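Two complexes come next, and they have one chain in common, chain A, joined by chain B in the first and chain C in the second.
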Partner chain A sequence: MKKYLKNFNFTCGLIIVITLFLMCIISLFYIPYNYTEMNYEDILQSPSIKHIFGTDNFGRDIFSRIMQGSKTTFLISFFSVLISSTIGIFLGSFMGYYGGIIDKVFSKFIDVLMAFPSILFALVIISVLGSNITNTIIVLGILSVPRFARLTRSSFIQGKNLDYVKLAKIKGVSNFRIIFVHMLPNFKMPLIINASFSFALNVLSEAGLSYLGLGIQPPEPSWGRMLKESQNYLQQAPWYVFFTGFIIFILALGFNLLGDGINDILEEK
Partner chain B sequence: MNKLLEVRNLSLTFSDDDNPVLKNVNLEVKNGQKVGLVGESGSGKTTLGLSISRLLPSKSKILGGEIFFNDSNILKLSEKDFNNLRGNEISIIFQDPMNSLNPLMKIGNQVIEIITKNLKIDKKSAKNLVLSTFESIGLKDPEYVYNSYRHQISGGMCQRILISMAIICKPKFLIADEPTTALDVTIQKQIIEILNKLSKENNMSLLFISHDLAIINNISDYIYVIYKGVIVEHGKKENIMFKCKHPYTKQLINSIPKMENKGKKLSVSNRLEINNLDYKEYLCPFRSFCPNKIDYCYKQMPDELEIENEHYVRCFNY
Partner chain C sequence: MKYTFYNIINLLVTLFLISLVTFFVFNIIPGDPALIILGPDADINQLEILRNQLNLDLPLLQRYLIWIINVFNGNLGTSIKFNESVSYLINSRMKLTLVLTLMSIFITIIISMFFGIIIGRNKNNIIGKIIEVFCQFGLAIPTFWLGLILALVFGVIFKIFPTGGYAYSDDTSLIKLLFLPSLSIAIGNSAIIIRFLKNSIREQFNLDYVKVVRSKGFSENYILKKHILRNTFLPVITTIGIIIIDTLSGSIIIENVFSLNGIGSLTITAINFRDFPLLQGILLYISFIVVFVNFLIDLLYKIIDPRIELK
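Let's turn to the complex of A and B:
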């Protein structure tokens, strides 16, 4: 652990992610202002001691809205990474380990998925299924499967020829156990790194979808939608745009730095 | 003694039909017999060992021949049936002991897997069996080794662990693919002694694959000499080591440094890199470098001749 903390990227990323995550946890219990309460006296106030990020066009405290939105962001990103990693790892490990027709068929599926422009894919799915949190999670999850699958697949194709895998086969260990108990723990590092980057990507994608109006709808809070609303008041209240955009940026940066840091440590070995 | 393993006319290729790695290989191992398979790099000895245990890479193709284990053709068995055989009756140990163990699993957990898959005993008695096997094989602190990881133990200890993994189910047949190549000579001697003892105690047959004639001399009763996928000579150990007939075997034996020849130039054959053309045609593989070659060597592959009791050679000179 110490050598991870010595890495600048990792430590910075970790601090950012932990801070924002704490903000998310705290928001479950306490938010400074009631975010739905519209206070027409205080509209578009610049940052002050009373409102650290200022207020929006309805007089709602921006900081509280950001806190509120963090719940959605973390929820969506976490579950979509969970879905994509589970499906991707299962698929990739079977493809790499068994090879043959399983590999050929699923490779084609993954190629098709990758060739599809992601925004278009999201548009299609969401317009068919409706735009809510669950569907956003599903869409983002599916879109991230190819990277996990390819990563696992290449690890397993090489790993199949390792001596201890051959020995495990000789011992009569079941294929399932070989894949998940013997091989996967040895190949987990690239997957963890990819999960970190994937998280960052999903934060941005969710914000992008909500910005376009495809993601979550009001009254569910969302940073992306806040960004869209803030656009109209760019001249009158630039802090609205700035803080919203900044928080999206900093969370994505945090996860990127985290992944980068782990990657550095891995390469040093 | 009856036959335990019989390889009959096995031909195998990795890429295309013209380039066989093994050509009409015939090999026999009797019950309790220790057979040595000696050859240089690229001769196909490891491939032969892998084909007996059906661990060849998927792109390999068997062109012909059969492998009989206890009178059943193991090449025809389904994957499931053969899995019951492998690990239980046919065991194998590889060349690099360190890499044969999973770096993220405790040693004990890895050894115990072979028991739980093949013998039906509960976990506690399995653990005791493992510990007692460790002790019988010369590991001084079985409990410590059981709970440690592969980076915490030495190469010699590692190889002993692999041997104990291989023999714990009391197999009838053990394939040892250059098990001592990665170890130093003192450990080599100990490993050979362990294998000798095990073979005697459990009436276990052994196929010892190596490029080192000295080790083959120490461990085998019967020797097969393989060169470029062809068995050129085989026979009882004394016949091969002291009365060898094939020109290739003669050069092998001559290349062992001897005390009497101290100071003299080592007699090595004047050979360049492997000539790939030698693989393709079904002729004597040594024909390009043989000092005793004749015209006929370029026309036909010599048959196997019985020179004397338990001594066969494949050469036109006889």
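Let's turn to the complex of A and C:
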């Protein structure tokens, strides 16, 4: 652990992610102002001690709305990473371990999935299925499957000819057990790094989708939609745009740094 | 020859699978698509007309065949919202998106070559570290936020560039209009390429041929210029495929930031009006472009580096 904390990227990333996660946890119990309460006396106030990030066009406290929105962001990003890593790891390990026709078919399928620009594909699926939290999670989850699958596949291809795997096979250990008990734990680090990057990517994609109006629906605040609303007040209330975008940026940065940090440490070894 | 042949077969299979996905994605919804498009308050006659128009009374497979044959004849169907042919709508909006994409790729290449060389020269000092930090920022910054900030600084405060709008009279004003949007997309993509360059330059420095050149007494600068950069810029071509996908994705969002009238805003209109034929056409069109570009890159790569063989 000491070695990890010495790494600048890792420590920075960890601090950012923990801080924002704490903010999300606190928002479950306490939010400074009611995030839906409109207050026409306080419209578009600049940041002050009373409203540290200022207020929006309905006089709502921007910081409180960001706090409330953080729940959605964490929820969606977490579950979509969970979905994509589970499917991706299963798929990738079977593809890499068995090879042959299974590998060819799924590789082709993954290539096709990657040929669609991700945002466009997400927009299409959400517009067909309807926009709500579950569908956003499913779509973002599916879109990250290829990267997990490819990564796991290449690890298994490299690993399947190693002696301990051959030995296990000779001893009559089942393929299933070899894949998940013997081999997978050895490849966990690249997958953890990828999960961290995927988290960052999902934060950005979720914000992008709700910016385009296809995420969570009002009155629940979401960072992307807040940014969309702030766009109309670019001149009168630049802080609105600035803080809302900044929080998306900083969370994505945190997860990227975390992933990079772990990567650096592994490379040093 | 075998390589080219394999690539062509691969291209055809990919195009076929893409057409399958594009068609069936609009048929995963349980229930009546006509009802979903028109909404629950729709008139029974209107529903009947739309059902006929979309051939909904035919079996799924037959509908796919009719659709794909029409696609081969350049007929992507009729838009429900605009009541015009989908291919006409896409073509009329494509120019702007194409210019946006090309400009942003051009800017990406300039930025990343420039900083890639600098980072190659300053591997471990402060300049290298600073570029590294900027790359981190570039990767994490949401394109639409960057677009808004650029619009605020260069459009609203300094008034150098227009902040968006539909009006452009000639090609120079088009380029000026698209500069900020393409820059916003380019910054994130440059960060990807710069980091890619940095890693491959680092790897090259430890290879045997570099050690040989160094032992002959050539300066580090000479080695970098004459040997390493040539070898590192080559693999960059493979990343261009990814960059193009990212740029097209980025342009969908950024067109809405700067209210530009391209494919991106057409997509959003199609979604808001549940115009599935139009949406289907756009999805097919864009993904075909992506696949074609990747195909050309594979061929180009073979020409540049003839060592590439089929595995």
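FYI, the second predicted complex is superposed on the first by the 269 of 269 C-alpha atoms of A that agree within 3 Å, B and C clash if a C-alpha of one lies under 4 Å from a C-alpha of the other, contacts with A are read in each partner's own complex, and residues count from 1 in each chain.
To be clear about the criterion, contacts are C-beta pairs under 8 Å (C-beta built on N, C-alpha and C of every residue); 3 or more make two chains touch, one makes a residue touch a chain.
Note that the structure is predicted; figures quoted are calculated from it, not measured.
Superposition of the two structures on chain A shows chain C fitting alongside chain B with no clash. Once the two complexes are laid over each other on the shared chain, residue contacts for A:Ile216 go to neither chain B nor chain C. Of the two partner chains, chain C is the only one that A:Leu253 touches; chain B does not reach it. Contacts of A:Asn186 after superposition: chain B is touched, whereas chain C is not reached. Of the two partner chains placed by the overlay, only chain C lies in contact with A:Leu120; chain B stays clear of it. Contacts of A:Asp163 after superposition on the shared chain: chain B is touched, whereas chain C is not. When the two complexes are superposed, the chain touching more residues of chain A, out of chain B and chain C, is C.
In the superposition on chain A, A:Val81 contacts neither chain B nor chain C. For the three-chain arrangement built by superposition, the Cα-centre angle with chain A at its corner and chain B and chain C at its ends equals 90°, in steps of 10.
Superposition on the common chain places the nearest Cα atoms of chain B and chain C 14 Å from each other.
Common to the chain B and chain C contact sets on chain A is no residue at all.
Taken in their complex, chain C has these residues touching chain A: 13-14, 17-18, 21, 25-26, 28-29, 136-137, 139-145, 148-149, 151-152, 156, 245-246, 248-250, 252-253, 256-257, 267-268, 271-272, 274, 276, 279, 282-283, 286-287, 290-291, 294.
Those residues of chain A whose C-beta lies close enough to touch chain C in the complex are 108-109, 111-121, 123-125, 127-129, 200, 204, 207-208, 211-214, 227, 230-231, 234-235, 238, 241-242, 244-246, 248-250, 252-253, 256-257, 260. The touching residues of chain B, counted against chain A in their complex, run 53, 55, 57-58, 83-84, 86-88, 91-92, 94, 96, 99-105, 110, 113-114, 117-118, 162, 165.
The touching residues of chain A, when paired with chain B in their complex, are 99, 161-164, 166-173, 181-182, 185-186.
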